[in-house]
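By written order: A, B, C, D and E. Residues from 1 in each chain.
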Amino acid sequence: MNRLLISAAVLAMAIATPAAFAAAPKQGGAATITFNNDLTTLDPQVGYDWQNWSVIKSIFDGLMDYKPGTTELEPDLAESYTVSDDGLAYTFKLRDGVKFHNGRAMTSADVKYSFDRAVNPATQSPGGGYFGMIAGYDEVAGGKATSLSGIETPDDKTVVFKLSRPDATFLHLMAINFGYIVPKEEVEKAGADWGKKPVGTGAFKFVEWTPGQNIKLERNKDYFRPGVPYLDNVTFEFGQDPTVAVLRLKKGEVDIVGDGLPPAQFTEVMADPANKDLIAVGDQLHTGYVTMNVTQPPFDNLKVRQAVNMAINKDRIVRLINNRAVPATQALPPAMPGYNTANKGYAYDPEGAKKLLAEAGVGEISTELYAMNVDPNPRIAQSIQQDLAAVGINAEIRSLAQAEVISAGGAGKAPMIWSGGMAWIADFPDPANFYYGILGCSGAVEGGWNWSKYCNKELDARAGNADAMVKDDQLAERIEQWKAVFDDVLKDAPWAPVFNEQRFTYHSARLGGDPALFTDPIHIPVNYDYIFAKDAQ
Amino acid sequence: MTALLEVRDLSKDYPARDGKGVVRAVSNVSLALEAGQTLGVVGESGCGKSTLARLIMRLIEPRSGEILFKGQNLVSLSAPDLRRRRRDIQMVFQDPYASLDPRMNVAAIISEPLDIHGIGSRAERKAKVLELLDLVGLDRSAAAKYPHEFSGGQRQRIGIARAIALEPKLVVLDEPVSALDVSIQSQILNLLIDLKKRLGLTYIFISHDLSVVEHVSDDVAVMYLGQIVEYGKAAQVLHAPLHPYSQALVSAIPEIDTQKKKQRIVLTGDPPNPENIPPGCPFHPRCPHVMAICRQIPPELQVTQDRRAACHLYREGPGGH
Amino acid sequence: MIDFWNRFRRDRLAVYSLGVIALFVSAAILASTFAPYDPSEQFFDGLTLEGSPLPPSGRFWFGTDTNGRDQFSRLLYGAQTSLLIGIVANGIAVFIGAGLGLVAGYVRGLVGAAIMRFTDLMMAFPPLLLAIALAAILKPGLNIVILVIALVNWVQIARVIYAETVALSEREYIEAARAMGAGTGRILLRHLLPHLVPTVIVYATLGIATTVLLEATLSFLGRGVQPPTPAWGMMIFESQSYFLNAPWLVFIPGAAILILALSFNLVGDGLRDALDPTQRGRS
Amino acid sequence: MLGYLARRLAASVLILLGVSVVTFGLTYIIPADPVAMIAGRNSTPAVREQIRHQLGLDRPLPERYANYLGRLVQGDLGRSYARKSDVGPLIASRLPPTLLLMLAAIVAELLIGLPAGIYAASRRGRLGDKIAMTLSFASVSTPHFVLGLTLLYLFAYLLSWLPLGGYGSFSHLILPALTLGLAGGGWYSRMMRSSMIEVLRNDYIRTARAKGMPEWRVILKHGLRNAFLPIIAMIGLDVGIFMSGVVVVENVFGWPGIGQLMWQAIQSLDIPIIMGVTTVAACFIVLGNLIADMIAPLIDPRIRLR
Amino acid sequence: MTPGPLLSVEGLSVAFNTEQGRVRVVEDLSFQLAAGETLGLVGESGCGKSVTAQTIMRLLPSPPSHIEAGRIMFEGEDLAAAPASRMRKIRGDRIGMVFQEPMTSLNPTQRIGQQVAEVLRLHRGMNSSEAKGLAISVLKKAGIGNAERRFDQYPHELSGGLRQRVMIAMAIVCGPRLLIADEPTTALDVTIQAQIIELLKAVQKDLGLSILLITHDLGVVAEMCRNVVIMYAGRVVERGPTNETFQFPRHPYTAGLINSSPRNARKGERLPTIPGLVPPPGMRSRGCSFADRCPRVLEKCRSEFPPLAPLPGRLVACWNPAP
C-alpha cells in the first residue's frame, strides 16, 4: 500500500514555532487514535503507507529529522554532520547516550546495518531505491553484495557516507523512515515477525499489537531528548469507521480520528462552534492530478492534453470534497519550494477546449479514466467524466482497487488515471521528490510510476544538473532551475493538475499542543511525540 | 408350445444398509408362463415379489439369470431394443395415487405410452384414449381431469388403461387391488378378468392377498425371503399347501364365515431380515416342522411334475412326513 | 389459467406485491418519461456550498447524492439496472442451477456425482474472488455482473433441486414412465420438471435480494456497473458513510431494494401455492 | 462410522484440493503485479527482477502451483504483499472474532428462527402466522449492509443503547450478530414452519396426543426434534453463507475478523491474503458440512453413517 | 364396575369446515360397548369410522372439526362436552388407542421404551426408573421378547409386527378401560396380523378391557367381535351380533360387502360387486346415501333417509331390507 492511501494529506507549511504552545505541556496521560484499517507493519525499512509512517517515526529515529510541525531539517540521532566540498562525502557524528528500547546503546554499526538492510533486496523495501546515490548501491541492490561499500564506520560514534554522485536531497533522505536505525540482534531474533514487534530508539516504546484491534505504545523513559514525549501511553484502535469514530470522539471515547474528518460529517462538525479549537487546519502540499498516456492516441496529441486541462471544472471538484482543497495550477503544490506563483496554469475554458480538440482533428474521443475505488475518488472521477463529456471526450470510468490501477498505470495500459488515493505526496519536502518517479524518464518504464509515460530527456538532464548543486549557496539557484523544469512540464501537459488538498485533524478537547503538531507535514496525521493531555495528573 | 415368458435363475442383490454384505432380494428364481395364463405371486412384504416384478420389467438390472420373452433374453437387450420391447410388457402399480403423475391430466397419462412409441396421429391417439376410457369403465369426461380428482378405484382404472394402451402381450400387476376397498377391489378384479378375456392378455399377478390371487391365477408361486418356496396350480397350492410357510399363510387368513372355523397356524417371530438370510432353508427359524437338515442344506424345489415345494419334508414326494 | 389466477388471487398479499412489481417495472421502462432530470447530471447547486448533498425538497424529491445529482431520477434509472440484473442474471442462475440439479438428481452415477462435487466446490468458494477474476478477463460492467451472479447464484438452487429430484425420482410414477419405455429426456422434462417448478419459482424470487446485494458489492469493487450508470446497490454503497448525516442517500434505495425483494418473495410464495393445487396430496 | 468419516474426509480433501486449484488459477489471472506493490515507486527494473525471482514468479505455472500446494500442506499460507507478514498467523489472529461472530449469529438466527417458525406453524393460516411469515420475508429480503446500517442508526446512534461498532464486549457483539443472523432467522422461521407443519401431520404426533400429552409438550418433545433435522443441514451451509456475509458485516461494524481482513485484502488485491482467507473459509465450510452430517444421526437415529 | 355400557355413543354428528362449507362426515351415530366386550366398527374408506374413533378420543383439531350433536358417554362422563384438560387426563390413561400404521405412529427419534414409559410418567407421575421397570414388564406382556434390550431401541430397528406390539403396550400401560384399535392389522402381513389378533385377544382377557375395533376387514371382525356396527357414508346402516349379521345380512350394503370378497366367489368368474362409488362427504343426497348403488332401491330411498330400525336381533337402516 502506498503511504498516500487517503486523499487528504500532508506537508503543512505555515508553521509556528514549537514555543508558541497555547498551554504549557504536561507530562502523563494517554491518547487514543482510531483508524479504519489495521496497520500493515512497523518495520521502518518496509512500512510505506500514511498510517504506519508516523507510528514508525515515534518508535524509531534517523540521523536527521525535522523540527516538530515544520519541514525544517535538523540533526537527530546525529549530533552534527559535515559535507565534503564535492558533495560526495557526508560525515555524521552520533549523539551520546542513545539507547534502543532493549537497553543497548546505539552505535555506528547499527547505522550501517540499517542502510544495508534497506537496500538489500531480501528486505523487499519499497524505499531502498532512494539510496541509489550511496556508493555500492548497485551491487547490493543487484544481489551481488550484502553491504554498502559507501558506508564507513571509523569508530562507534562516526559514520561516513560516500556517494557516487552529488545529491542535494541526501540529508532529506537521512530523515525518511527507510533510513531509520534498527538493532540488528532484534531484527534477526524476530525474523519474519520483526514488523510486528519493533524495537527502536524513539520517543515511544512498542508494547503490544493485537491484530485488527489495537497497537499500544508507552513512553520511552530513556529517550535522549529530555522531557519528551509528554504522553505516557498512546493507543491506536483499528477497525473504526471514521464516521463512527467521529461520534465516539464527541462522546469522549477517543481523541483523534486518524483517518481525518469523513466528508459526510465535515459540514456538521465544522459548523459546530464547540469544535472551533478542536480542528487543526494545515495548509497542504499535495497535488491531485489526471495523467494522460502520451505514448498513445489521442493523448499523444498535445492539443488534446491541453484541452483536457481546460475542460476540467476544478471548482466543482473542490466543492465536491467540501472545499478541503484549492484548485491546482501546476504539478508542484503551493508550499513546495519551486512553486511558481506566476504560473496560472490552464484556466477552466470548455469552449477553448472544444476549439483545441477541433484543431487537433481527432474527432470523437472515446477513452478510459481509471480511478481508485475509495471515496471520494469515484465521485471525482465522475465529475471529471462529466466535464470531459461536455467537450466531446467520452471517458468510461474504471473504478478499481488501488493495486490494479497502479498495475495498469505502470504497464501503460491506462489512457487516463485520476491520481486520487495514490497521488504523489513528497516523502520529503523537495521538488526533486516530485519529479523523477512520476514525471521523469526513469519512472516511464514498465512498472514505473510515471503513468503518463512522459519522458523528456532534456528536462531529465536539467533536473540532474539542479540536484548536483549541493552547496548551501546554490540553494536558491537550484530551486529556480527546478521551477523552470516544472514550468516546462506544464507546457507539455502530461498531467492535468486538479487540486491541492488541505488537511483537517479533529481531536478531543483533552489534547493540547500546537495546531501544527496536529497537521504535522512529516508526522501524518499527528506528531505524537509533542502533543499532550491536558487532564494529565 | 414355448412359454411366453420364462425366467431362469434370476437373482438380484442390493448392497446392505450397513455397507457390508448384500441383501439378497431375489435369489435363483425360475418360472414359466404360457400365453393367456395368469401366474400369481404371493408372499409377505420383503419377500422379493415386487423386486421380481421390476426385474421382469427390467426396471432394475439382475445380478444373474435370464428373462426370456418369446425366447428373447431381455437381460441382454440394448437400451433402444428394450424400449421397443416394452410395448409388449406393461405394468400396473400398487399405489394408484403414486403411480400417476399428479401434474398430467388423464388423457395425457393414458396417451403417454402411445406418444413414447410414436403410435398413431394425434387424432388417433385422442380417439384411442376415449376408447380405452370406455374399456376400463370410466366416463369420457375423465380425459380432461387430473388424478387427484378421482377415487382410488378410478385411478387404478386409469393405470390399467395406460398399461393396456399399447396392447401388450404381458401385463405385470403389482398388488393392483391392495390399496382398494373391498367393494372397489371386486370391481377392479372383474375389470382385469374381462380385459384378459377380451384382449388375450397374460398376467403376472403379484399380491399378498391369497384369496385374490386364488381367484385370478392359474398358477401360483409362493415367495419367502427372495426365493420361491412353493409353485404349482393355484387350487392345489392354496387349498392343499405343502410348504409349511404356505400352510401358515393360508391358515392365517381371517374368515368372514365364522362357521368355517379352522386351525390357525400362528408363526412365531418376524420374517428374518433379508440382509441376513439364515443358512439352509430360509424358513427354518420359524418353521413348526424344523429338522436338523433344514438348518444346513437348502431344500430342492421339485416335488412332482407340476408341483414344486422347497422343503425337506418332501424329499420323498408329497405326504413324505 | 383462469383457474390458476383465481387461486393466486386468494393470496391478497401476493396480488399487492405483483402490483408493486408492475409499478417498479413500469417505472424502470418509463424512467426517461418520469425522471425529472438526467440521472448523470451533476448540478453545481446540487450540493451545498460546503459540498454536502441536499435533503429531499420540492426540486429534488429524494434529495441529491454526493455528486449533486437528482436521487429520484437515479432511482428510476437504477431500477432498470437492478431489475435487469435481478431478473436476467438471476434467471440464468436459476436455469443453470435447476438444470444441473435436475440432471444430477435423476441421472446419478458418475455424471450426477461429478455435478454435485462441482457444486460442493462452488459452495466452498467466495463469490467475490470469482467476480474479481472474471472481471480481469472481461471488461467490467453490467455483463460481468450478470455473468458473475449467474455463476454464483446457481449453486444453492442446484442443491435444492438435486435433493428434490432425488426424492421425486423414487416416486412410482417415474418408475411407471420408465416401464412405458420413456427415455431420460422425457422423464426429466415431462415428469420431473413440472413438479420442481414451484421450488424453482420460490428460489428464483428469493434470489432477487441476494442478487441486488451482490451487484452492490461488485460495483463497489469496481467489477460491477460502472459509474455513472445508476444501480440501487451501488447508490447505497457510494454513500454508505453518509448514513448518519444524509440518511436519505442510504435508506431510500435501501427501501427500494427491500420492497422489490419482498414483493418478489411474496409473489413467489403466492405462485407456489397457486401452482400446487394438490397441496402435496398424498405421498 | 469410522469408514464413513474416512470417506467423508477424503471427499473433503478433494474439495479443498479443487478449491486450491481454482483459487490459484483465479488469482493468477488477476491483473495486479505483486512486484509493483512490494518494490515501491523508486525501484529500478533490476530490483523488481530480483523481487520477482524471490517470489518465484518467474517459474512456470505448474511449478508455482506445486510449490504453493506444498507449502499449503505444511500450513504455510504464504506472505502478504501489503502487510509484510505471514498470512497464516495473520488469519489465525483474526479468526477468533469471526468465529465468535458466526457462532453468535448462528445462535441469533436459531433464537429468532425456531420460535418464530414454531409459533407460525402452531398458528397456521391465522393472522399471527401471516405476520410472522411476512416479517421473515422482509428479513430475508434485506441486504446485510442496509440492515446493518439501519440497526446502527437506530440502536447505536439514535437510541445510544449499544456501541457504534467495535469489538470487545458482549454489547459490541449484539448488532453485528443480529445483522448476520436476522436473514438466517427469516430463512429458519420459514423452514421451521414448514418442517413443523409437516411433522405435526405425522401419525406419531397423533400418538403423542392420544397419550394425553399437553399440546406444548407434544410440539416440543415430539415435534421439535424431528422438525429440526432439515435445519441441521442448513446450519452446516450457513458457514458458507456467513463467510460472504462477514465481509460486509465486519466492515459495517468494525469487527476485527477475517471478513475485514478479506475486504482490505481485496481492496489492495493482496493476493496471498485473499488466497489464504479463501482456503481457510473453504476449510470451515467443508468442516461445517461435515459436522452437520455428523450431528444428523444424533438427532435422527434412522440416519446411518455409511 | 359401573352398571350399563362402558361406552355409549348417542346421536353423534361430526362436521368439518372446508372450503366448500361445512361438511358432515358422521351423522347421528349411536352404539354401545359393554365392559369387556369387543365391538367391530366396519366400513370402507371415507365412511367415517376413523373420524368416530378420533372423536371419541377428541383427537381431531377443532377447528376445522366440530361435534355438532350427540353425547359420548364413557364411565358416566360425556366426553363430547369434557374440557380439553380433562380429556388429556382420560387419554392414554382410561382410554388407550392403537393406530393403523405402526411404521409412522411411533416417534422415529425416540427410543421405544421411553415412548412407553412416557405415558406412565405423564399419568402416574412415576420417575424414570419406576416407569422403565413397569414399561418393560408391559412390553413383555405385549409379547416383546428381550424387552430390556428392546427398551433402548429405536422404532426403525423393529419390524412392523414388533412396532405394533409396542403401540399396544403403550396403549395398555396405564391399564385403560377401553382400547380403541383403529385398523390395527391392516398394514401388517397376514402371518403378523394373526399374531396381533391373538395378542389383542389375550390382552383383553388379561386386563378385562373393552375394545372398539375399527377395520374394513370383515374377517378380522368375524374373528374378534361379538357385535358389529356397519357404517356407510357417515351413518350406521346395520348393527347386530357378528355371526348373524355376516351370515344373513339385512342391509343391501352389508350383503354387497360380504359377497364381493373373492373368498366367496367361484374362481376366475366375475365377482358380485357393488356398482359405483361411495359418495364423498358433502355430496350426499337427502335420502339414503346408498340408494344410487343399491340393487333393492325404492323410490322412497332417494328422498328420505331410513332410520335405524329394529329387526329381529338387528338394527338396520333400510326401507327395503333383505329378507
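Following the convention adopted for this analysis, a contact is a pair of C-beta atoms (placed from the backbone, for glycine too) under 8 Å apart; a residue touches a chain by one contact, two chains touch by 3 or more.
Note that this is a predicted model, so its numbers are computed, not measured.
Asks: Please identify each chain that touches subunit C as well as subunit E.
Replies: B, D
Asks: Along the shortest chain of touching chains, how many steps lie between subunit A and subunit E?
Replies: 2
Asks: Return the chain label for which the distance between chain Cα mean and whole-protein Cα mean is smallest.
Replies: Closest chain centre to the overall C-alpha centroid: D.
Asks: Specify the chain most distant from subunit B by Cα centroid.
Replies: Of all the other chains, the one whose centre lies farthest from subunit B is A.
Asks: Give me the two chains with the most inter-chain contact pairs.
Replies: Contact tally peaks for the chain pair A-D.
Asks: Whole-Å distance, subunit A centre to subunit B centre, using C-alpha means?
Replies: Result: the chain centres lie 88 Å from each other.
Asks: Distance-wise, how many Å sit between the C-alpha centres of subunit B and subunit E, to the nearest whole number?
Replies: 31
Asks: Round to the nearest whole Å and give the separation of the Cα centres of subunit C and subunit D.
Replies: Comparing mean C-alpha positions, subunit D is 21 Å from subunit C.
Asks: What's the distance between the Cα centroids of subunit B and subunit D, rounded to whole Å?
Replies: About 52 Å separates the centre of subunit B from that of subunit D.
Asks: Please list all residues of subunit A that touch 2 or more other chains.
Replies: Those would be 241, 247, 373, 401, 404.
Asks: Any idea which subunit A residues touch subunit D in the complex?
Replies: Going by the criterion above, the answer is residues 1-2, 36-38, 40-41, 43, 46-48, 121-122, 124-130, 132, 138, 141-143, 192-193, 195-196, 210-213, 237-241, 244, 247-248, 373-374, 401-404, 406-408, 410-411, 436-438, 442-443, 445-449.
Asks: Would you tell me which residues of subunit E are touching subunit B in their complex?
Replies: The contact residues of subunit E facing subunit B are 44-45, 159-162, 189-195, 197-198, 216-220, 222-223, 242-243, 246-247, 256-258, 260-265, 267-275, 277-278.
Asks: Across the complex, what residues on subunit D touch subunit E?
Replies: For subunit D paired with subunit E, touching residues are 202-204, 206-214, 222, 225-226, 299-302.
Asks: Using the touch rule from the top, collect the residues of subunit C that touch subunit A in their complex.
Replies: So the residues of subunit C touching subunit A come out as 40-42, 44, 47-52, 66-68, 140, 220-222, 226-228, 238-239, 241-246.
Asks: Touching residues of subunit D toward subunit C in the complex: what are they?
Replies: On the subunit D side, the touching residues are 11, 14-16, 18-19, 22-23, 26-27, 29-31, 130, 133-134, 137-138, 140-146, 149-150, 152-153, 157, 237, 240, 243-244, 247-248, 262, 266-267, 269, 274, 277-278, 281-282, 285-286, 289.
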